[in-house]
Amino acid sequence: MPTFHEAQTSVMELAQFAASRGWLPATSGNLSVRVSDQPLTFAITRSGADKSRLQPEDVLLLDADMRAQGDTPYKPSAETTVHVALYQKFECGSILHVHTVYNNLVSELYAEQGFVEIRGHELVKALGHWEEGAAVRIPIVPNWADLHRLGSAVAEAAQADVPAVLVRAHGVYAWGDTPDDARRHLEAIEFLCEYMYKLHLARGRGTV
Amino acid sequence: MPTFHEAQTSVMELAQFAASRGWLPATSGNLSVRVSDQPLTFAITRSGADKSRLQPEDVLLLDADMRAQGDTPYKPSAETTVHVALYQKFECGSILHVHTVYNNLVSELYAEQGFVEIRGHELVKALGHWEEGAAVRIPIVPNWADLHRLGSAVAEAAQADVPAVLVRAHGVYAWGDTPDDARRHLEAIEFLCEYMYKLHLARGRGTV
Amino acid sequence: MPTFHEAQTSVMELAQFAASRGWLPATSGNLSVRVSDQPLTFAITRSGADKSRLQPEDVLLLDADMRAQGDTPYKPSAETTVHVALYQKFECGSILHVHTVYNNLVSELYAEQGFVEIRGHELVKALGHWEEGAAVRIPIVPNWADLHRLGSAVAEAAQADVPAVLVRAHGVYAWGDTPDDARRHLEAIEFLCEYMYKLHLARGRGTV
Amino acid sequence: MPTFHEAQTSVMELAQFAASRGWLPATSGNLSVRVSDQPLTFAITRSGADKSRLQPEDVLLLDADMRAQGDTPYKPSAETTVHVALYQKFECGSILHVHTVYNNLVSELYAEQGFVEIRGHELVKALGHWEEGAAVRIPIVPNWADLHRLGSAVAEAAQADVPAVLVRAHGVYAWGDTPDDARRHLEAIEFLCEYMYKLHLARGRGTV
């Protein structure tokens, strides 16, 4: 596992990547990298930071109770609850939470059935599904205002074989064993959300 | 409050930010930062400048009568009336006016009801609304050719709890206590306008 | 009027601007700046150049018969006929021809009526129309394979008060007194084409 | 023909070009340049590389049996079969395989008829069709899980006069005599796929 300094550098690289694509609008989103297991600690962007101009001090080291380790004037984001819940459920090393127009649209258009299914698309291989005609279901959970409830809902919906959960009219959580894996999963999810929305426009729902 | 020199630098940074996203097409738009209160003065982009290539001399110091302070060959934009009207109504420190395809589309599609309402979307938090299921109404005003009338109309429609007004088939005015606040509000408004238009395409009007 | 060297520099700056937006795909498009009047000469991009990697030698000095002045291994583009026809009709100093998805879509969707009309949109001011509720008609001409015929058709359709002509399923010609004017006109046209297409999707044709 | 070192440099430039446009999401896609004919060898991106951060060692020299020449810890992508099949059928010098939302949408919307036809559009000139009203048919093949079968299907569908084949819900293969030709063809195909999809939205299928 990385040191805090290495994890901090990874978080800054992930922020540069996601901000350059416009995936962290209006200081939204949170990016984290696990530092230790027993007890759980992880590096994560602080509340309210503009990720296109992130500084090292904007990345905090937190424990499972969201207490900052070391001296910092900054507070963690309230949504850190979701990162904690996912790190406690899975062995993943990095979690990315971003807001995009297309993941928001898919989360809204397919909200009632509780998931969106992508069948027979090449890019599900990037999510680890290599079998012919593979179908991937990405869960969609309500956007609970109570953030402990949101954390529980995301972790409960999360499946070991699909590294992402959509939150309705809010955004996506994607994760992976390493920061590069999490980034690859997120790129695939965003591509597929744009594809699903645009196919929906051409054909109507449920035809993919 | 900032000095004129500090405000000038902020205006140039805001122009760099907005121009890089294509939000100031064809030399349109105006960006300003308040310098003093009694009497009102503010730094603002001059008329006709290409904001992707802004120079310090393209940022003027104006008073409430739109008279330039100091020696300059340039004229203020006629739309400066709207900035004056907003600075006189609110204590905001910065105002951003941009033209985008999505804010134009929303302003046209929802023009007749005089506002667009966004309900239950996470990003309204970036506009200061944190309560569960919060609904935000962004006013839409006609694009009056008389710019004093336009200034009055925008200021009259502007609400203390929603830091933006759309002008039909023209653009948006967004503001905030600081340049960073104004930028965050504008990023959220632009995200929500793109989202609203694309949801409208998938579902038809009034279903958000 | 500029020297050839100045015009060459302007053409390269215009190419950098238009290529960075993806408006010159697959080596398409041509950009020119007038150098002299009696007789007509102008600097223009050569045939087949990738404008994202333009070199000074890719900009030719041509006369009204499309003969290259000076020593060059390169040929002018066959579409240079259109530039000649426009320079002979108007006193404009710069002409930009680009291919974009949105100008292509508008040229196709409104081809049969021979023009697209934009009424009451703020950005027609960037095309020189400041009166209230101004309406601008951009002509659309067939994409004649015979390039002398295409040049005549574009010049004939071109109006003094609207600095652009669309060619069906091909692209746009926009011009102005200076390279900056031509660029501002082109930015406005591209914005309006994207807006018109997206409004058409939401509402159907003829409702703008 | 280029040396391996020259081909490696070309592959890295092509990767920079395609990655900057978002055409290689989630480590997908493969780019290659032919090095020799008898026997066939070519430089190609390795499996799993992030093309936005490509290093020289990520470009392998392979033979027709997909065996890496020289010492490398990396494996070729399984999809290299398609490159081999195309190099064996045509004399082309470079092959580009990318995944984009628009080529995926067109491949899905027109899958059943086995091709998409573009008629009377200017940009088919960039594919080598200069006759008036030229029509270009881009073949669409099923996304066979067996990659030898996919290679055969792409090579069989490929026509000498249209330098591209779409694979359903997967991506496109485009090629050319040189890396610049392949790039120009790919740019034209991507432009046309976006255009075809957006015209389909406005008009419905089969109307282009």
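Each chain gets a letter, A, B, C and D, in the order it is written, and its residues are counted from 1.
Convention: contacts are C-beta pairs under 8 Å (C-beta built on N, C-alpha and C of every residue); 3 or more make two chains touch, one makes a residue touch a chain.
All figures in this text were calculated on a predicted structure; none of them were measured in a lab.
Student: Report same or different for the chain B and chain C interface, where same means the shared residue numbers exceed half of all residue numbers found there.
Tutor: Result for this pair: different.
Student: From chain B, which chain is the farthest off, judged by mean CA positions?
Tutor: The most remote chain is D.
Student: Hey, how far is the Cα centre of chain A from the one of chain C, in Å?
Tutor: Centre-to-centre distance between chain A and chain C: 44 Å.
Student: Taking the mean of the C-alpha atoms as each chain's centre, how many Å separate chain A from chain B?
Tutor: 31
Student: What parts of chain A, by residue number, touch at least two of the other chains?
Tutor: Counting only residues that touch two or more other chains, chain A contributes 201.
Student: Drawing the touching chains as a network, do you get a line, a ring, a star, a complete graph or other?
Tutor: Contact pattern: a closed ring, each chain touching exactly two others.
Student: Would you mind giving me the full set of chain pairs in touch?
Tutor: According to the stated criterion, the contacting chain pairs are A-B, A-D, B-C, C-D.
Student: Can you tell me which positions in chain C touch chain B when the two form their complex?
Tutor: 21, 120-123, 126, 131-133, 180, 184-185, 187-188, 190-191, 194-195, 198-199, 201-203
Student: List the residues on chain D that touch chain A in their complex, please.
Tutor: So the residues of chain D in touch with chain A come to 22, 25-28, 50, 99, 101, 104-105, 108-109, 143, 145, 167, 169-171, 197, 200-201.
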